[in-house]
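Shared between the two complexes below is chain A, which pairs with chain B and chain C, respectively.
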Partner chain A sequence: MTGITLSLTSLSYFAFILLLVPVYYLIRRERQWQVLLFASILFFIIVSGVPGIPWILLQWIVTYGGAHLMEHITSERKKKLLVTVLVLFLLTELFLLKYTKGLPFVAPIAISFYSLSVLSYVLDVYWGISAAERNPFQYLLFIGYFPQMTSGPVTRYREMKPQFQTGASFDEKLVKKGIIRTLYGVMKKCLIADQAAVMVNTIFGDTVTYQGAYVALGTMLFALQLYTDFSGCMDIILGTSECFGIMLPENFILPFSSVTMSEFWRRWHITLGVWFKEYLLYPLLKSAPMQRLNTVCVGRFGRKKGKKIPTYLGLFVVWFLIGYWHGGALHYVIGSGLLHYFYIVSGELLEPHVDQWTKKIGIDRTKGWYVCLRRLKVFLLVCSGFVFFRSETAYQGFKMLYRMILPVEGSFFRVLHVTELGLSVTGMIMMLIGCVILWSVSYLQLKGIHVRDRLLMQPVLLRYVCYVALALLTVIAMVRGYGNDVANFIYNRF
Partner chain B sequence: MTREAIFEKLNEIFRDYFDDETICLTDETTADDIEDWDSLEHINLIVTIEKEFGMKFSMGEVTTMKNVGAMADIIADRI
Partner chain C sequence: MKKMYAKGLLIFLAVCVLFGGILYLSAIDPFRGWITKITGSEAYEQQLNASHEVETYIEKAKQDDKTTKLIIGDSVCNSLFGELDELNPDYSVLCCNKGITMAGQYILAKEYLANHEGVTDLYLMMISNSLITGFDTDFGYQYAVMPFVKTDKLSYLDEETVEEMKDLYLSPFMTKKMVCFVEESPLMKKLYLNVLKDFRPTKLTLDFPDVTTRYLQKMYQLCEAEGVTMHFMSLPLADSPQRREVEAVLREKYEASVMYELFPDYYENYIYYPAEWFPDGIHPNVERSMKNEMVKKIQEANDLDWDLRLD
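And then the complex of A and B:
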């Protein structure tokens, strides 16, 4: 994989976009999708390399043909057989290319993201939600639309097709908003994530020296790194796409403002959660065997308790697979899957009791301090999963959790030498500036303020001061990023 | 069955399912309006409605139904 030349934070990527935008808007609207297709093919070849091409083409041809065939079959049995074959084909390709070690194949970039989008298309056609696409090249654009060809978001054909079909007229405000969001994403990635990564790598890279509060600090910094890395990447992707008038679905909505783990997953990597809910959990729970189990459990334990058993069983399957999707290794299955399953189910079971207890002792659950406490709880639980996510193996994850409770140099109250964690003072200042901007923007968003719209309404001078400051910070951050070997996005590898 | 009758029956099913006598369904009611109607309850609720009306929703309908009004339209079409 050539990877670096069109990395989302590289100057060449921005040059690519700057060249593309005028060409895109000079073309007639009904032909604009062809510009995007050409750009996507170019992007794919540069970023993913030639060895990945046959695999994406195979997926394209098989599912395009399969979906058409499905529309022409009248027998329900044959239709079911065909959709099963298509789903198995997609899952096998994904499994062999992404999760099987030692095979002489090179997985195309973003295969685990676009495979989910393609699966949703096939199932939508089967369920009659979408018609099979007539134009094979517009369908190819859906699979390989370049902004999302690194880390998603997972899209649905029915949402993308109308946008590709109609194209967009030049909207100065939308393009400006797209640029602001893109720069904000680069700022998050280079100013915060890449700086935090230096300290995280030091702590997680030395499981002998660091323990106690150092590991706790490393984990919290990793939470910051992963959030700003992944959501920054999404800002660049969604911002870039906005420049072409194509709106992609949001993947993050202030996840750390969540007060329950279920809410966290409605705000973190949203398109992945929605995909697993609609295309796996719902069909699984509605399947005949699960409904039979439901009847048995309701008969045995009563309606309220009985109906929960098949639901929790279905959730277990979903969370196991969400963890597995992240990379096939046990530490992902634990850290991004089963641990979250455990927290969500525990939360569901405990919630009515906590509600009763708090009422009994007179706590108003809507009070600010209580909400903050709940947010802190969610943050810490999420961090416990991140320990496994960041570790190389499940064993290291458990080891890091254990080392977290050990004292530092014989004391629990020792001052941590944060300046000795590999990040320079300049780096720390930059990270702090980035965090202040991130916190301020998040705070305004939490209050329901559309920050970019508000910014565009400000007087010209103030607006340009903000643009210059954001651009300057971005350039500084990008220049610094070239020195680090942490410039790739974490979710690019999935 | 008239649409009004479907709505009346739906209202009864919802009240019984969520154990909440204050529920008053309208065409625009969505999962956001009923506290306990989340993704974990969605399928069980759908299956309860299917049993009560003696019909089936397709998987596509289960995931794309926008509100109770859309649900009532599908039921009216099928019974």
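And then the complex of A and C:
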């Protein structure tokens, strides 16, 4: 038995894809999904191991059967009872496997991601948005579709079903775009995230030595690391899926170009936010107790203010659970949940006042410098949440925030010895090169220019030089991270 | 699709050629330095010493320095006896590292006996951790393959062992040319060693590999044929419940093996010391005087007529 792994940045993963793509397109379109199912089962066994299989099979059988049963039940009360049982079953399995320590079970990889997708399927069938799937194996493919098996995105059955059913004809342009995106993702991960991780680990690993600007630097580098790690991972997943003609939903759209915290969350981990909005927030706000609360609040505080109270209460529940979903620990609840809730709600409450003040002193809020300031504000607020996300405990998170305001060696204006943070000068140069590429691509995207489309329109020679350069840069970046501890994706653990 | 695959193949070949070029240059100055930096292979440049260390011992075993007693063993042996080499003109101390395996200890013994006259004793001292080390993908290539190939000592090993090594490390990587290339290129070393680890990860088992029992036997037979007395002894151990548990399992296995027939006293003379004297759990990190006490204890426990000068 060899130690073959299918990490998204491993050569074995690319060999796997390279072998799979021609097989996929050689098969008749209506049977292509079977190739993906076979590949997904193989991928799951290699990545998650045999102990994870019973759990995913259990989810598959119970929800497939449950959804069918739900369609045949006419009594609304029984239907409600069944959907409650199914939802409770899924949540209990997720809770036991993922968030309960000390139990002798092995959680299958990405259970937090595919459990949400399965929940959405069950609820969609209950609400009549989707019909229950007749083909159990096509449904199994939805649960375990291999590109999204490690870190999402969270998909909905109604988006995936038509794509699996119809298959795809070979589209050279699409496959090329998929390959370019995959390589770009690897470059982001290996050239930026893995380099930044070295310095971040040094700073966050020694909470005694580092303080002040070092902690601030470490936090900002972690923001860079997390973004390039997770979005790089998504580029690989979405790029790989594009090679099979299957389009997965975007998870990141230039999040650091946001000017408000709400906008940030519409651009960062989009599918998770959308899931919580559609399957938790809206049903919660529509529920009878919330409706009653709404009536009471409107009666007491007036229509405008009164309506906000149940919404903010619903948002509190959503953000608490988003934080909890990340790992079931208090530092995640704060760093990825409640702190953001506080920023979003206070942002919304303050917005009219800020608008008034800026008008009073004659500031044009559409001016470039003001937009930049707002982006910086969002970045810093997000960073404060990341301090908790990166820390081992909530206490360490608070401690790091406190240490951030302390002077370095008795002074607030001391030159930081960044070369002593574990990353070599060459590593920093490589990271900078990666950042320049990332920034350029993002800037062009912000201006509505899609680099991949532009690249495909260039003359043959230039195009091929770019392909080879990108591939070589990716290979070098992969070699740099090969054998290092930082090579794992952060979101793989969720 | 065929057209696209042809184009893809072309790009793939271009990247392979370019990367092959980088790999080739990574062993040549002045490119080695910056390719090592760009590919983050600096740590593998520092690992050059592993092979050199063993080569030095093999070279030393070759030199007829008029000594008549040989002390070989693992790194724990080296920490106790290494410094005594210069103080004792009759003794040759060639304690190395567990990575060379028992086959490596055999090579040292054979080379020493072939180049020294009037040898009377051979002392082999190892802890059980070293006895359970066979050819692995952690240390094996640098401590065993590289020095054995570079000093042409593979011929000292039997066919079975060489085949086992070829199976694990792959034949092309056991040629002198390739070994020298791997040594010269930190990038190549990084890629090769990590691919080895990925595809054949080392699994630690509480069992003695064939290479240990086979070459201990061979060494015994070699000494017998040369009229040399062979002593096989244990070394100081950290006293911890885990260690005692492991030793109990290994002792049972040892007593069921052929090694027990040759050296029944190996497990009788185990000496435990306070665990805090062993910061890494294996190597004693104490004053020289305390190490000398440990040496004396070994002598007493094994009833040896050593005339070692300790200071």
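Heads up, the rule we're going with is that the second predicted complex is superposed on the first by the 489 of 494 C-alpha atoms of A that agree within 3 Å, B and C clash if a C-alpha of one lies under 4 Å from a C-alpha of the other, contacts with A are read in each partner's own complex, and residues count from 1 in each chain.
One rule holds for everything that comes next: a residue touches a chain if its C-beta (ideal position, glycine included) is under 8 Å from a C-beta of that chain, and two chains touch if they have at least 3 such contacts.
These numbers were taken from a predicted model, which means no experiment stands behind them.
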| item | value |
| --- | --- |
| Chain A as common anchor, with chain B and chain C clashing or fitting | fit |
| Chain B versus chain C as contact partner of A:Val475, first or second or both or neither | second |
| First (chain B), second (chain C), both or neither touched by A:Gln458 | neither |
| Angle at the Cα centre of chain A, taken between the Cα centres of chain B and chain C once the superposition is applied, in steps of 10 degrees | 170 |
| First (chain B), second (chain C), both or neither touched by A:Thr311 | first |
| Superposed model, chain A: greater residue contact from chain B or chain C | C |
| First (chain B), second (chain C), both or neither touched by A:Leu281 | first |
| Superposition-derived minimum Cα distance between chain C and chain B (Å) | 38 |
| Chain C-contacting residues of chain A that also contact chain B | none |
| Touch list for chain A against partner chain B, complex | 123-124, 127-129, 262, 277-278, 281-283, 285-286, 291, 294, 307, 311, 315, 348 |
| Touching residues on chain B, where the partner in the complex is chain A | 38-40, 42-44, 46-47, 58-60, 62-64 |
| Residues of chain A touching chain C in the complex | 2-5, 10, 22, 25, 170, 172, 175-176, 424, 426-427, 430, 464, 467-468, 471-472, 475-476, 479-484 |
| Chain C residues within the chain A interface of the complex | 1, 3-5, 11-12, 14-15, 18-19, 22, 34, 37-42, 187, 190-191, 193-194, 197-201 |
